[in-house]
Amino acid sequence: MIKKRSRLLPTPMLSVLLLIVWLMLQNSVAPGQLLLGAVLAIAIPMLTYRFWEPQPDLQKPWRLISYFLRVIMDIIIANLQVSLLILNPRAKFRPAFVHYPLELEEKFPITLLASTITLTPGTVSAYLTLDGRHLIIHALDVEDEQELIDEIRQRYERPLKEIFEC
Amino acid sequence: MLDIALWISIALFAASLMLNVFRLAIGPDLPDRILAVDTMYVNSIALIVLFGIQLNSKAYFEAALLIAMLGFVSTVAVCKYLLRGDIIE
Amino acid sequence: MEALYATTTGLLAACGVYLTLRGRTFPVVVGLTLLSYSVNLFLFSMGGLAMHGNPAVVGAGTPAADPLPQALVLTAIVIGFAMTAFVVILAMRARGDLGSDHVNGNRLDVSREDGK
Amino acid sequence: MTLLLIVLLPLLGALVPLMARNLPRGRLAWLTAVAPAIALGIAVFHLGDVFAGQTPQFHLPWISELGLDLALRFDGLSALFVLLILGIGLLIILYSRYYLSGEDSLARLYSFLMLFMTAMIGIVMADNLLLMWVFWELTSLTSFLLIGYWYQLSEARKGARMALTVTGAGGLALLAGILVIGHIVGSYQFDDVLAAADQIRSSELYPVVLVLVLLGAFTKSAQFPFQFWLPHAMSAPTPVSAFLHSATMVKAGVFLLARMHPILSGTDLWFYIVSFTGLATLLYGAWFALMKQDLKGVLAFSTISHLGLITLLFGFNSQMAAVAGLLHIINHATFKASLFMAAGIVDHECGTRDIRKLNGLYRYMPHTTILAMVASASMAGVPLLNGFLSKEMFFAESLDAQLLGGLSWLIPALATLGGILSVAYSLRFIHDVFFNGEPKDLPKTPHEPPRYMKLPIEILVLICLLVGILPSLVIKDLLVSASASVLAGPVPEFSLAIWHGFNVPLMMSGIALAGGVGVYALRHHLYSFQRQFRARNALLVFEANIQRLVNLAERSMDSFENGSLQRYMLWLLLTALLFVGIGLLAVPQLSGEFEQQPFDAMLLTGAVITGLAGLGTAITHRKRIVSLLMLSVVGLMTSLAFARFAAPDLALTQLAVEVVTMILLMLALFFLPQRTPKESSARRIMRDVLLASAFGVVIASLNFAILTRPVESISDFFMANAVSGGGGHNVVNVILVDFRGFDTLGEITVLGIAGLAIFKLLNRLRLFMPSSDLDGRSWSPDRHPMILATVSQTLLPLALLVSVYIFLRGHNEPGGGFIAGLVTAVAIILLYIARGVDWTQRWLRFPYQPVAAAGVLIAGLTGAGSWMFGYPFLTSSFGHFTIPVIGEIELATALLFDLGVYLTVVGATLMILANLGKLTTPHRPTKEKS
Amino acid sequence: MPTWFYPVLEGVIAFFLVAGGIFAFIGSLGLTHLKDFYMRLHGPSKTTTLGVGCVLMASMIYFRATTGHFSFQEMLITIFLFITAPATAHLLSKAALHQKLVADIRTRNVPDQLETASEPDEANAQQTESRLP
């Protein structure tokens, strides 16, 4: 389902991202910088494209933005929770390792999911099995693993699946 | 009001750096020490940015950017060393 | 503040020299790197330590730092890296060919206190 | 100009025999004799105005800064010696034509002799003390060559070496003496030194000068403590002994005494040292001449004794004694040379020199016997011969030497004893060899030598007779002019008549003659008495000392240099500490006038952390990976310090280099033992800690001293015209790329070379790869963790973008070629780590050497580019161009130069790290794990 | 800009600075006080990163106020941080699990037996003759 890449713009998303980053770096939107940014945005992907893992194409970019916003909100909440946990001396942690069967196949979404899991409340993606099927998560304080798994699947994995695959 | 906040923030980051050094010194195993070093890299990014604000000059962003990037690379290298011994295979 | 700076440079130099006095190639290399850090700090401070100075950029504010030692130290750092690389690989080659990474002249790998 | 000829002719003469070496011997001898004959002619030509009192001089500046000029003088003393050298030299050339056996190469002997002759003439005619010393050393060298002429004989080699060592050492002492004289007087020209004679005598350095010069003289003239080399020099061919070790070379020392007489003599110190040495040598030589069994040994010791006599004469601070000394120099040269040649004939004919075997030779060679009898009679001081005259004068002088106060009578007594012994050994030389029974089992049956072999002896004996019978006619004026130059003043009136009427000296020579015959008669008792002493062979003692010296040197070298870096570091540090410590002690007060700036919490934390991390690196150096982590913390804190003190460029470079060093060290660590066994004893650790802390203390105080002192910085020049001259605002980068562009060019070449050297070093490197990590756990199966791969893949374009950004802005804000190069290198290394070599290899198909080379080339070409515009190498030019759409861009050639730097840094770094990384890959199965 | 605007802006910057400092401090505190390595990992990966993020936000606003136009570089650094932090956390825990660090007794179902290498590890100890391409 990956459509034929056009020679000039192998990964449109990446070129756009590079242009935005260049402008951020230069802190100015002067015409000269724009032109230079465009040139770079085309040149660098062209240099690196041939060996790029075929990445699933972004179906719905807008869902990604909303996904990021939700993740940011979760991060803030997570940090508050963890801070409270760390601060009160009598905190009784119930740490646990959770085996989380992955439904995603593509590498990029899996990495994205693992990153969000690490950044969100109380969980760190500790180990990814060699075949990329299972993700072992270390949770700081969890009563019931199954409930944690369902929550992660519902909040993060399903939207990612929507964004990248179907 | 801004200077007081700046001063408090610098003090806090200095304290967290000291704690990291404590963990680095004590750290029973290697991963603890690597974690300590990595956190020090992250804390030093904040410190550089605070310098920037304190000295009111924008020349320090590259340093912060570089620390972010290079901190990651050195931690990755050490972890790869622990996992595989030979970093570049 | 100068005293603090000087003590740190001195301490680093001392640790560096202690390591270079060890009997094995690796500590010597690490010692040399540490020594080069301290020497770079020393040379950098030749131009005076600008507490509230601005970077040596024209138009970035009057009390600018002294650019010359900075240029020298920059070159020193890069060449320092090249030489450390050379020494490390020389050590590896010595270990590969001679079979021991001793620097105090004894051949066999068993640690014999020698080269007082 | 003709004076220079006298020296040059023998020098050129040295080449003549070498060129004519395959001519028959006769013609070779004549050809060689031509040069000295002409020189003798010139000398005689100059005799006229020498006797008239003038001193022809010649001056050619040579190395005037050292005060060494080619200055020659020809005064009376020089004339006397030049005649002696050339005259006897010619006779020796004739004599050795017959003496040398068939297979010895005559040409080689002749060329050495000519070289020696040049050196001797150089000494006697030198007007510059340093020049004299140069020729002095040349005589030592040529005597080494001549003594070692029969190099196949071991004692010849040993004797030559000993002679060279002793005379060489004396030469050094003489040089020291001359330098001190030069220091006092200010010039080495003989006339200035002569004029400043009183200044030298009164200066407090006089004893030093005296001892040094006398050391040179005594070693050369084999005086008492240094006489052991002369007997062993007899292993040279006899013509050499006749020429060097009787007439000329050993006379050089006495010549020095004569030349220095007007400058150094006249003081009590001179009297005590010189005369006592002379006296001791006189008696020592005489006694052993009596004892020796070897014919040339007898003559050698008699030469020592006669030299002692001449030195004694120069020791008496009276003017007549000096005249007597000069007279005896002439006489001794004549009769001793002839005696040596006679001994040569005996040796040549009988094949041995052992006196016990040689008896009653007068039947076989009557003519030689007569000549030998006259010569040895002259040596004994028999009247009507030249020996008698100088001995008479000697006895007269010894009588009125008053300096010993009450014991002054002792000197004439000992002089007479010397006379007795000299008569005894002269008698022994004649009677024991030519009469006294039959020769016992000689290797060859003796017979008269060829006709012309005896000619030189006849000439010399004739001179002895002439001088003996008509002294005032033959040598009066030569003696007067020579004494004039020795006394540097009016010569007292003296008569050279044979007969002075009955006086005490005549009585003393009578006692000497009678006593001599008596002593000779009792010689067997003396022999038995002498046999009780253990005969010590000077050669063995000398060799033993040399060997002991060599062993001592070896032992000290071993303790100093045993191949241990620790030992070298120890010495290095100690010397460094010593010098810097002394420097610091001299500083009155460590902290300068700047009072210290206040520091805030952040600086304190930074300093504390750096210190702790540094200590951590040192303490945990046995667990190598931990000390590496500590090192990276130190690196981080150093870059923070650079950032804190307003050096963003440095902070960036330090960070990048620190990460790359970390990766490099870890790559190396995989192949090196992971842990260092505990092997340093507590004492060693203590010593190292002390040494290191001392070093640290010195560095700290040095740094503190500099920090608190005013800084005269020259960088306002750079700040001022960084923009106008270099076209950039970031002064650090402008300095690097523009003002000191040449230095940066050199530096990136070094970087390239280091990369190449490492590439070569890694080739065919046989390494031991650990199969499991430190605690035995086998390596983790997952070679390239998937998450790391994807993350690093997304980071790569961002990192490349950042490096381009840093590169482009380098000229005006912190950044530049170095940092950008390092950032790109790190990004690519990250890819190597995350995706492995094969994957990256496919992406980066080109090897890194050309990249580094291209970098250096571009930098070089940009530098050379300015030549085309007529500017000197590496001048940069820049201009502001306004392109309608993009707006104003500033292009500078420095940018191209920076590009060169960028490429070299990327190329070199990757060459180092990638090659190190690739070490193991060829042996990995290529199938990629999914 | 209206006069009341600056003190508010300063207030916001001050708030972000102090919040960032506190978060970073808590992160380090967690790093020092928590029992086993895995629990310690949560501190720095989450709170320290957020702390530094806040400081970057503060500096963005600060330079917006002083120099008049937004400087997006801080944004770039935050992005960098938020990409790399989870990766390092993941790698660190992978290394820890590989080294079989002992986890706190209360942690449930600790993965004891990680997958062993499917095929014999080729990095067995033999003398390697390296030929560089």
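For clarity, chains are labelled A, B, C, D and E in written order, and residue numbers in each chain start from 1.
We adopt the following convention: a contact is a pair of C-beta atoms (placed from the backbone, for glycine too) under 8 Å apart; a residue touches a chain by one contact, two chains touch by 3 or more.
Heads up on the chains, UniProt names are A = Na+/H+ antiporter subunit E; B = K+/H+ antiporter subunit F; C = Na+/H+ antiporter subunit C; E = Na+/H+ antiporter subunit G.
Small disclaimer: the values here were computed from a predicted structure and weren't measured.
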**Message:** Treat touching chains as neighbours: how many steps, at the fewest, connect chain C to chain E?
**Reply:** 2
**Complete:** Ordered by label, the neighbours common to chain C and chain D are B
**Complete:** Top of the farthest list for chain B, CA-centroid basis, is D
**Asked** Any idea which chain sits dead centre by C-alpha averages?
**Response** C
**Prompt:** By mean C-alpha coordinates, which chain is most distant from chain A?
**Reply:** D
**Prompt:** Where is the C-beta contact count highest, in terms of which two chains?
**Reply:** C-D
**Message:** Rounded to a whole Å, what is the gap between the Cα centroids of chain B and chain E?
**Reply:** 9
**Message:** Measuring centre to centre with CA averages, how many angstrom lie between chain A and chain B?
**Reply:** 23
**Gap in Å, rounded to a whole number, between the CA centres of chain C and chain B** = 22
**Prompt:** Centre to centre, by mean C-alpha position, how many angstrom separate chain B and chain D?
**Reply:** 60
**Request:** Among the residues of chain C, pick out those that touch two or more other chains and give their numbers.
**Result:** 54-55, 57, 60
**Request:** Please list all residues of chain D that touch 2 or more other chains.
**Result:** 628, 646, 648, 669, 762, 765-770, 779-782, 785, 787-788, 791, 795, 798, 802, 813-814, 916, 918, 920, 924
**Prompt:** Residue numbers in chain B touching 2 or more other chains?
**Reply:** 10-11, 17, 30, 34, 55, 59, 65, 69, 72, 76, 80, 82-83, 85-86
**Item:** Contact pairs between chains, per stated definition
**Value:** A-D, A-E, B-C, B-D, B-E, C-D, D-E
**Sites on chain E touched by chain A in the complex** = 23, 26, 29-30, 33-34, 36, 38-39, 41-43, 45-47, 49-50, 69-73, 75-76, 82-83, 85-87, 89-90, 93-94, 96-97, 103-104, 106-111, 114-115, 118
**Request:** Within their complex, state which residues of chain B touch chain E.
**Result:** 1-2, 4-6, 8-13, 15-17, 19-20, 22-23, 29-32, 34-36, 38-39, 42-43, 45-46, 49-50, 52-53, 56, 58, 61, 64-65, 68-69, 71-72, 75-76, 79-80, 82-83, 85-86
**Request:** Using the touch rule from the top, collect the residues of chain A that touch chain E in their complex.
**Result:** 21, 23-25, 27, 75-76, 78-79, 82-83, 86-87, 93-97, 99, 114-119, 122, 124-130, 136, 138, 140, 145
**Message:** Could you list, by residue number, the parts of chain E that touch chain B in their complex?
**Reply:** 7, 10-11, 13-15, 17-18, 20-22, 24-25, 27-29, 31-32, 37, 40-41, 43-44, 48-49, 51-52, 55-56, 58-59, 62-63, 66-67, 71, 73-74, 76-77, 80-81, 84-85, 87-88, 91-92, 94-96, 98-99, 101, 123
**Message:** So in the complex, the part of chain A that touches chain D is made up of which residues?
**Reply:** 14, 18, 21-22, 25-26, 30-32, 35-36, 40, 44-45, 47-48, 50-53, 107-108, 110-111, 114, 125, 128, 130-132
